[in-house]
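In the two assemblies presented below, subunit A is common to both, partnered first by subunit B and then by subunit C.
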Partner chain A sequence: MHQNNIEYQKKDLPKNLSQLGWILFGAGLILGVIGFFTDQHRALLNYLIAYMFILSIGIGSLLLIALEYVGGADWSVPIRRVVEFLSSTIIFLPILVLPLVFSIHDIFHWAHTDVVAKDEILKAKSSYLNEAFFIIRVFAVLAVWGLFYYLLIRNSNAQDITKDQLLTKKNIILSAIFIPVFAITITITAVDWLMSLEPHWFSTIFGVYFFSGSVIASLAAITLFVVFLKEKGFMHPKLIDDHLFSLGALQFAFVNFWAYIAFSQYMLIWYANLPEENFWFLQRWENGWQYLSILLIIAHFIVPYAALLSQPAKMDPKRLKFISVWILFAHFIDLYWLVMPNVNGYYFSLIDIVVPLIAVGLIILVFNYRAKKSNLVPIGDPKLQKGLDFRVP
Partner chain B sequence: MKRSNKLFGISAIFNSPNEIIHAAKVIADYGYKNFDINTPYPLHGMDKAMKLKPSKLGYITLAFGLSGALFAILFMFWAMSIDYPQVIGGKPFFAFPAFIPVAFEVTVLLATLSTVIGLLTFVFGFPNNKQSLHDTNYMKKVSADKFGAVIYADDQQFSELKVKELFSSLNASSVELIYYFEKESYPIFQPKFLMLLLAVAVVTSGTTYFVLNKLLFMTPFNWMVYQDRLSAQEKSEFFSDNYGARPKVEGTVARGFLPYPFAGQNIPTETLVNPLLPTKEVLKLGENKYLSFCSPCHGNYADGDSRLRGQFPNPPTLHSTRAREFSDGMIYHIVTYGQNVMPAYESQVTREERWAIVNYIRALQRAKNAKESDIKELQMGLLDASK
Partner chain C sequence: MNIDYSQELPVVEGGLKQAQIEELVAKPLDTKPDKKFLIAISISGSLLLIGAICLGLTFYYGIGLWGNNQPVGWGFDIVNFVFWVGIGHAGTLISAILFLLRQRWRTGIARFAEAMTIFAVMCAGLFPAIHTGRPWLDGYLMPYPNQHQLWINFTSPLIWDVFAVSTYFIVSFVFWFVGLIPDFATLRDRTTSKIKKTIYSIFSLGWRHSHRNWQHYEKAYMLLAGFATPLVLSVHTIVSFDFAVSIIPGWHTTIFPPYFVAGAIFSGFAMVVTVLIFVRKIFNLEHIITINHLEKMNKVILATGMMVGYAYAMEFFIAWYSGNQFESFVFINRAFGPYAWAYWIMVSCNVIFPQLFWIKKIRRSISIMLAIAIFVNVGMWFERFVITVTSLHRDFLPSSWGYYVPTLYDIGILLGSFGLFFTLVILFTKTLPVVSISEVKAVSEGAQPSHNGGHH
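Now for the complex of A and B:
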């Protein structure tokens, strides 16, 4: 490793970005509160979707940072700050989770002790699915994530000033510890918040399913910000289409990965056809939910797959911008599809649209806030020059 | 390998990746179209430096991949839903989710195979086996630790002097003139090579056969196929007459088959007493056996209305006064031993089942010739109709 001499001047992000963030966040919050007073249960479930959306992008980004360190990737060093900014939503999660924690009774069937007492299956699961342990798990997981976020980002920021190469080494070790921890915590999160909405159901692959969705969503968010900032001239001028190609290729890979995992989950349950498992999919194949299920396959797999298949498509900024927005939308549908069929009967409510605005607005605001404080390029990273010189073969 | 006087191209050696990328750029900028770069490992950014167009190989991959998916699904549809439909695990004949893994595998298989064969054919000129760059110092160097560029003589701009000048301006070392091989092509499928392939195939399969079947032969898992007991009709070396099937030993009786003592005699039926009570279970068993063995001739309700359509003489009805006055033992005797054209059922129906049939016939007879008191009892709900 060698010291690099990259010239970079910090610029403020355009004002209309924060304006957009405030408008989306404010509108979402006001309309969401109105929605809360019209249909409390539905508004809460939508807030759960919004929360999981923010969470998945934050933790997915942190995983990608860790992967960069562990894998020794060069190409992603010039864009790592974008990933770091997106991952900083993690520190807001303990606050964002509070409305959900206070309404466990409204969201979760298993939180009613009288129901559990009559139900043999829930009784057997109650040593895990009980309120006290649930709250402990939620905050323990968030604390672990916050700790790793704090350590990784602190080292990365310190490197901008000190240019100390040892900090990279420290982060590599931290990342190597973080990845197995991530595997366990993301499974706990997925099981607690999403799978336990239907406490009778179980699927051992569910944690991986949520993980694949969150990584593809955070990749889409990263690509969107990178292309946007590059076009406005905020990124390093040497960041070129070859870097975008890597992002596109990763997106393509994870679109496939998501489809693989989603199909694995479906096929095993379809094949065995056991009543204690298949009712979850049957729920999503009746009362109008079948159209959303088909839409999910098309939106989350077929369209991104076809759009990103060829090599030029993976490095075309326009295509990437479009498909990133598309994938974020598909991820929202995915979460909606996981959560909403637990409400009896299908109906569409305006609350379903307004609450996700909170998530989008908040991510933009947090990004903007973090971008003010740090450089957009990790100028102290010893691999930066190599990263900027990265070319697709 | 002999070479002709015709110039194939001019090669040059460079020492570092940066130099070769720079050289590629300069050569491409100079306007050369027909040139090549050889490096010991792939270099990032080389395609762009050489101004290469995106490879067309991807289209072959796509076409074969898609046709693989289509073929797999159509074939499974034909095999599983049309030609030989079988219910497997209660799934529909066209079980699409189960087809997806197979379709995926075939897609991958055809896509990769077509890519490799396409690469060999369109890029490396398969089945041609030699290119004039082979067996040169240049090739030895670039396949070890050097980076090489070669400009082919059939390029439109090619002139020996200019190319040499260009290479020397790029500080290239060991510029080399490369001539064509004497022969134009060296097809890979020559008789010699084919003979070699054949010999290798024979030797490998022969050795494998010898080693696995003779040298290292181990008895496979066959102890369920070959058991010590004899199958039906099987020959046996153990007995002197070589019959595996043995006659009954005199004076013995098979389990559950008590011999009927009154065969061919004219009935001391009073000694045969029905051992079974007409319980629900007994009547069910009797009904079952009656419908299986008796009803084809006697009819479902013992009316003598057979379903045989004259292939066999119809028996008289069992509701006649004579038949109703038979003792249980008499009916049992007839069932067991047969009567007139009716054959014996001793070997098909066990003793207990025969008595159950007798009970069932009694029930049928009573149902056809019910007394008034029976009807009254039935109306009052005292008699269970199912009995």
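Now for the complex of A and C:
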């Protein structure tokens, strides 16, 4: 057994991190409430975007934890706690979702029974898209995620004290079960919260699209926290730029993957040009939304692709910090682009900026809260030494 | 069995020394063909001959010999094409993507999988070339300013296929050849035969195993891996476009590109497992292509099998969710119509049987994994059959409903493609090192410096 806990000492995270979290959260909340009273519908949709932002980073991080266990990765062990802290927003989702659940009627077209009664297509899918079943699905999905979060994190924390290798084995099994469960639940989430905003539209790849966005956003958030904490000396001293390289490379891979999925969806609908599908993209190509569509391609693909292409760029802390913030911004645009153009006559408003502050502030606060409770390095993990020894060949 | 997660598992087992690895891999090249080899090649050669005869008759009489009819205008030709392109996906995934992911275990199987990729793409390329029954017109697939001023239809995904598949073939071939250069040099240095020495010298391009050689080699290998990685995705994406850009219910659906790629990796890995089980046994490579290798490949089969299952489920769900009666009809017709037998073969082989790989014992049992891998191969062939035939056989008007039955010539040509594939595989085992000698040496115990002073 290697002695690796000597070099790591637990420190409290800097005060200004929690201060920043409170400021962003408070400002977002106050301005958001003001926004709610000026334009209720818009504020609700913005809250939906903020909720999906938190959700995607939380569940994307939990997936990355599961992938580490199943894939047997070593390099990510020294930074796994950062990922765990980011995934802890999952336990707050059942509370955060309440304002949305109470306003299903305002957000979703299909929740109006009088509209559905007159619409043959909506009537055909009303056995899936109805309020009762929708609420059951929402909470069932959140309960399943909460359960897997609880079990995986409990084992990981327990290992800090016991150093029991059996816990790694348990988490590998849990993770293997979680991954297919994740695939189903994230698809349900994407269809319910985003695709059904335009209930006539359908696309089989949509779950994969939301999944790819979630993973790239989670990677960006992880990288940002890792680089920040490493610079301030909170991480294990043996964590070096080689570890960052893997994060940069994964970001690069998922930027490409997202673009591939987005292109596949667009290309096939554009080429076939069937009115039952193409109207969704046409909505995003008129009334000024076309500029946002172009911005999405540039922000979510071209810029990060160019910035991360070269090998040295993938391990440059400065570059990674910049591009991580950039990708998080792009992820926000992506969600905005999925939600807002569904509403006729909507265009950019100041409310759109203030509500996301709630999401950013909340993620920082939850991170800070969790960081107080656990070590920032999984000191009992048997793969920690191998992970610290990792070098880019 | 308890694993110590703090330790690295050895990739090469049995404590093989460097010289032993060389000896083991080069042995089939140093010995004369034995009886087993001759039996194997005569079987595969016979299949190839059957295919050649059927093909010759097709060229003479035309494709009226095939089962294609109205409304099923696409039959075995496209099914076999997509099947073989799919088989050709494992090699480049193993050699390029697993290389970029720093998976050391890939070294033992990469060479063989890459060779299978090249042969499978050759088999695939056969079908577009013959599907008109007039192979002498294939030149028109290339955009060149000919005297008739005929220009290819750039908006057709079938022509994108020509470029995608030929690019994939070229890059896979170059990748494979670059990997072979150090091994050619090793063989050149060992051999005593003058003819062999000349041949190996030419192909080793003056390799001297020098530090400088290796530096350039590693850079080139990494760049090629970077180029090959998007190709793994692009080829089957384009193949899926053959179907998905159309507006036929059952073909036009947005999940097709990633679903086809997952399916291709799934079938490719199944084929690699099927063949490697025999190769490691016949050539005594059990210490280099270990049970651990096979177990990892079975895990990939399990994962990609579930991705394919996800796509089946998603297609079904959205066909209903869309509220489009034509979409729903096609999918209900697939599962319960006249081709239900093919659909359920596909589902059970691709989604249900691979679930057995959740059990560790089965992942490590040679006989059961062979059975499952063969099931997957059958299932993936049927997947393409289901997509092609069931979507076409009942057109929008019930007056143009039909049923497709392949003729003996269709089956003969399919057998011929297997004959071509296995003939090339068997010849490969006798002429080139089936395992990368230099790469396996690099991952054998004691080959690399270790940060904690090694753990031997």
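Criterion: the second predicted complex is superposed on the first by the 385 of 393 C-alpha atoms of A that agree within 3 Å, B and C clash if a C-alpha of one lies under 4 Å from a C-alpha of the other, contacts with A are read in each partner's own complex, and residues count from 1 in each chain.
The working rule: a residue touches a chain if its C-beta (ideal position, glycine included) is under 8 Å from a C-beta of that chain, and two chains touch if they have at least 3 such contacts.
Every value quoted in this text rests on a predicted model; they were computed, and no experiment measured them.
Participant: Could you classify subunit B and subunit C on subunit A, in the superposed arrangement, as clash or fit?
Facilitator: clash
Participant: According to the contact criterion defined above, which of subunit B and subunit C contacts more residues of subunit A?
Facilitator: C
Participant: A:Val101 contacts which: subunit B (first), subunit C (second), both, neither?
Facilitator: neither
Participant: Where does A:Ala313 make contact in the superposed view: on subunit B (first), on subunit C (second), on both, or on neither?
Facilitator: A:Ala313 sits against neither subunit B nor subunit C.
Participant: May I ask you to decide whether A:Leu292 touches subunit B, subunit C, both, or neither, giving the answer as first, second, both or neither?
Facilitator: neither
Participant: After the superposition on A, what does A:Tyr271 contact: first (subunit B), second (subunit C), both or neither?
Facilitator: Both partners.
Participant: After the superposition on A, what does A:Val181 contact: first (subunit B), second (subunit C), both or neither?
Facilitator: neither
Participant: For A:Leu151, is the partner it touches subunit B (first), subunit C (second), both, or none of the two (neither)?
Facilitator: neither
Participant: Just which bits of subunit A does subunit B share with subunit C as contact spots?
Facilitator: 267, 271, 393
Participant: Within their complex, state which residues of subunit C touch subunit A.
Facilitator: 2-6, 8, 100, 102, 230, 233, 237, 241, 244-247, 252-258, 303, 306, 310-311, 314-315, 318, 320-324, 358, 451-452
Participant: If you look only at subunit A, which of its residues touch subunit B in the complex?
Facilitator: 242, 263, 266-267, 270-271, 273, 309-312, 390-393
Participant: Across the complex, what residues on subunit B touch subunit A?
Facilitator: It is residues 42-48, 54, 58, 62, 89-91, 97-98, 100-101 of subunit B that touch subunit A.
Participant: For subunit A, which residues are in contact with subunit C within the complex?
Facilitator: That would be residues 1-2, 120-122, 124-125, 128, 165-166, 168-169, 176, 179-180, 183-184, 187, 191, 200, 202-208, 249, 256, 260-261, 264-265, 267-269, 271-272, 274, 276, 382-383, 385-386, 389, 393 of subunit A.
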